[in-house]
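Heads up, the next two complexes both have chain A, just with different partners, chain B and then chain C.
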Partner chain A sequence: MEKNKYKEVVNRHTPKENVLYNTMIAFFVGGLMGLLGQLLIDAYSYYFSIPTNQASIFMIVTLIFVGCLLTCLGFFDKWVHACKCGLIVPITGFAHAMMSAALEYRKEGLVTGIGANMFKLAGSVIIFGVVSAYVFGLLRLILFGC
Partner chain B sequence: MTFKYNNVYINETGTVTGPYEASGPLSKYFDKGYKDFYFGLPTWEQAESKSIEDAVDIVLNKTNRTKFDIDLFISGDLLNQTAASNIAASSLGVPYFGVYNACATSVEGLILASNMIEAKQIKNCITCASAHNNASEKQFRYPVEYGGPKPKTTTFTTTGAAAAFLSYNKKGIRIESATVGSVVDSGVKDAFHMGAVMAPAAAQTIYRHLLETKREADYYDLILTGDLGRYGKNILRECINTEYGITLKNYDDTACMIFDLDNQPVYAGASGPACAPLVTYGYIFSLMKKKELKRVLLVATGALHSQSTVNQKLSIPSIAHAISLEVIE
Partner chain C sequence: MIYLNAFLFAGIVCAIGQLILDNTKLTPGHITTIFVVVGAFLDTFSLYDKFILWAGGGALVPITSFGHLLIHGAMESASSYGIMGLVMGMFNLTASGICSAIIFSFFLSLIFKPKS
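== the complex of A and B ==
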């Protein structure tokens, strides 16, 4: 069978993903995570009497810790699965990606296992995060001069 | 390429499964089922090896033999360098062939063994195929604990091992003939849609088998592919009909049998080298022994990809081998 014709057959029998439903779930869960982060920032800056930029660092550390802990407890993957991209895109997803890879390779040694594989998924987040921060920072400097 | 056999029989089989299969609809047909993914060992890779050793032990016990009576051991799995089979073979210590044809490994092993038994080069042989869900997720996809969303067409790797004891003693199930498939490039690049990757290979092998044996599809009480999944099954039906004019009536797919597709989190169904032989040796053989099925054509299909070639956007080659199984009259 010709490849184009076969592609049509495959498409006919392939179920459509429910994009709208998945997006809405990701939107609401992601939004809730944002709300949680903002509440944490407010709470830290109120109770510890620290400026907002310091409180936001505390918030990030808290969410990373909670994300890693939940991954280690073994049920965060089910939440991630149910929430589509709602938990992966925020900072909890970054922590979860690192911790799940570390758990997977923990029996293969500290250096060759955990060290070499921990950033298997998270590595690209760091690389493209840094590159895009640089590019957008530069754009801001050129366009707005600050 | 089709071989005819006069004197090759699968005398006994041994089936070992993981937790999802043991709680699936065919659980009562398996010899042994583990409740977790570690089988009491530190790693998944070791657990997979243990499942092979267990399946071989079950076969040896059923046939009242020791490992010293075995002429040849043929085994394959999904891990890099067929690691699980190699470790199991080292503890068994008999002459060994490690084979790889992804999910078609089981039938590949059966064909190699049958040819050597028919040619009287060996008296008997144990063939085995295994897989481990977590070990293969780790190798081919994302870390298991990551749990990222997957498309509906994804298949769920079966955990377990299935071993068969073959000899020329007339007992059990007869291997009547076999067709060796050729590798097909369907142009599909999606590693999450294995059914679409493998359906053209299955269609071609079924067609060639029927052509070379001069049979119609309804000669068989059941044509069983393993494992295309619920969407791949429909693709095969349409593909084989338009391309070769064959209508599959008595047809099923092992991917849709070993799990409860509606109530277990297995997406489009099962996959992995262990799926087809587990269903065949467990469930199908029990139907054959009751004479509810007399002639079965098992078509094991394999997607021969590696993670590197998928990342390089190359299309995934696939293969299917067919073996004709009959009740001894």
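== the complex of A and C ==
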């Protein structure tokens, strides 16, 4: 009886997330990030006259740098709170995860702080990426031969 | 036209992520991990290459492209070195992203103090 009452009270006071609004915001912000990526690729390949695949590497490095810098300056946490997945799913989310872990553990020293904890949040992306790429690559090698 | 495609593709990927985040108890860490695995899975059948041709930078910006680049580098060196090439070339294409993230966050964390 007490438990049911407690659940009721908790349910009543949990803030209702507006799913449609959140999704629209994520769609719009994420779309703008994709647009920015394509614009940067075109700009780099035009001004430095380099091929597209090289320009895309420049673009990824630029976005990572901007993500790191904005996290340091404190803007990025507020923006992530406002637009959620619109900024987490693009590559800036990866940069944000690494940068905030490095900032947070800075006070524990260089080796035991930054060195040991930098991949605390972003490590799972690399681990699961490598494991899944290995498994699927093996599958592709067996099935298609290349 | 490719700008519209880039906007739509990146937007739809982010919207799917937001829908998963809102309707389940998964954290943002789970979502990025799932998306990397999905990107690697789509490249098993060379589907992601078609997305990149269609949407350009819009397909390269979401974290799914990270999985795609991992398996792409592995397959590229596997075609010349056989099964050992899978482990030799895994980081060939993603090295730029990982290295720049490590270097920027190391030096910036020396300069800046945490805000909150």
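Heads up, the rule we're going with is that the second predicted complex is superposed on the first by the 114 of 146 C-alpha atoms of A that agree within 3 Å, B and C clash if a C-alpha of one lies under 4 Å from a C-alpha of the other, contacts with A are read in each partner's own complex, and residues count from 1 in each chain.
Just so we're on the same page, a contact is a pair of C-beta atoms (placed from the backbone, for glycine too) under 8 Å apart; a residue touches a chain by one contact, two chains touch by 3 or more.
None of the values given here were measured: they were computed from a predicted structure.
Q: Which partner does A:21 contact after superposing on A: first (chain B), second (chain C), both, neither?
A: neither
Q: Now for A:3: first (chain B), second (chain C), both, or neither, which partner does it touch?
A: first
Q: Go through the superposed model and pick first if A:104 touches only chain B, second if only chain C, both, or neither.
A: So A:104 meets both chain B and chain C here.
Q: After the superposition on A, what does A:77 contact: first (chain B), second (chain C), both or neither?
A: Both: A:77 reaches chain B and chain C.
Q: Please work out whether A:46 is in contact with chain B alone, chain C alone, both, or neither, and reply first, second, both or neither.
A: The answer is neither, since A:46 touches no partner chain.
Q: Looking at the overlay, does A:85 come into contact with chain B only (first), chain C only (second), both, or neither?
A: both
Q: Which of the two, chain B or chain C, is in touch with more residues of chain A?
A: Comparing chain B with chain C, the partner touching more chain A residues is C.
Q: Quick check for you: in the superposed arrangement, does A:37 touch first (chain B), second (chain C), both or neither?
A: second
Q: For A:64, decide between first (touching chain B), second (touching chain C), both and neither.
A: second
Q: Applying the document's definition of touch, where does A:13 land relative to chain B and chain C: first, second, both, or neither?
A: First partner only.
Q: Starting from the residues of chain A touching chain B, keep only those that also touch chain C in the other complex, and list them.
A: 17, 22, 74, 77, 84-85, 88, 97, 99, 103-104, 121
Q: Can you check the complex and tell me which residues of chain A touch chain B?
A: Interface residues on chain A, with respect to chain B: 1, 3, 6-7, 9-10, 12-15, 17, 22, 71, 74, 76-78, 80-81, 84-85, 88, 96-97, 99-101, 103-104, 107, 120-121.
Q: Any idea which chain C residues touch chain A in the complex?
A: Residues 2-3, 6-15, 17-19, 21-23, 28-29, 31-33, 35-37, 40-41, 43-44, 55-63, 65-67, 70-71, 74-75, 78-79, 83, 86-87, 90, 94, 96-98, 100-102, 104-106, 108-116.
Q: Contact residues on chain A for chain C in the complex?
A: 17, 19, 22-41, 56-57, 59-61, 63-65, 68-69, 72-74, 77, 84-86, 88-91, 93-95, 97-99, 102-104, 106, 114, 118, 121-122, 124-126, 128-130, 132-134, 136-141, 146
Q: Which residues, counting only chain B, touch chain A once they are in their complex?
A: Of all residues in chain B, those touching chain A are 42-43, 138, 142-149, 151-153, 186-188, 193, 196, 200, 231, 234-235, 238-239, 242-243.
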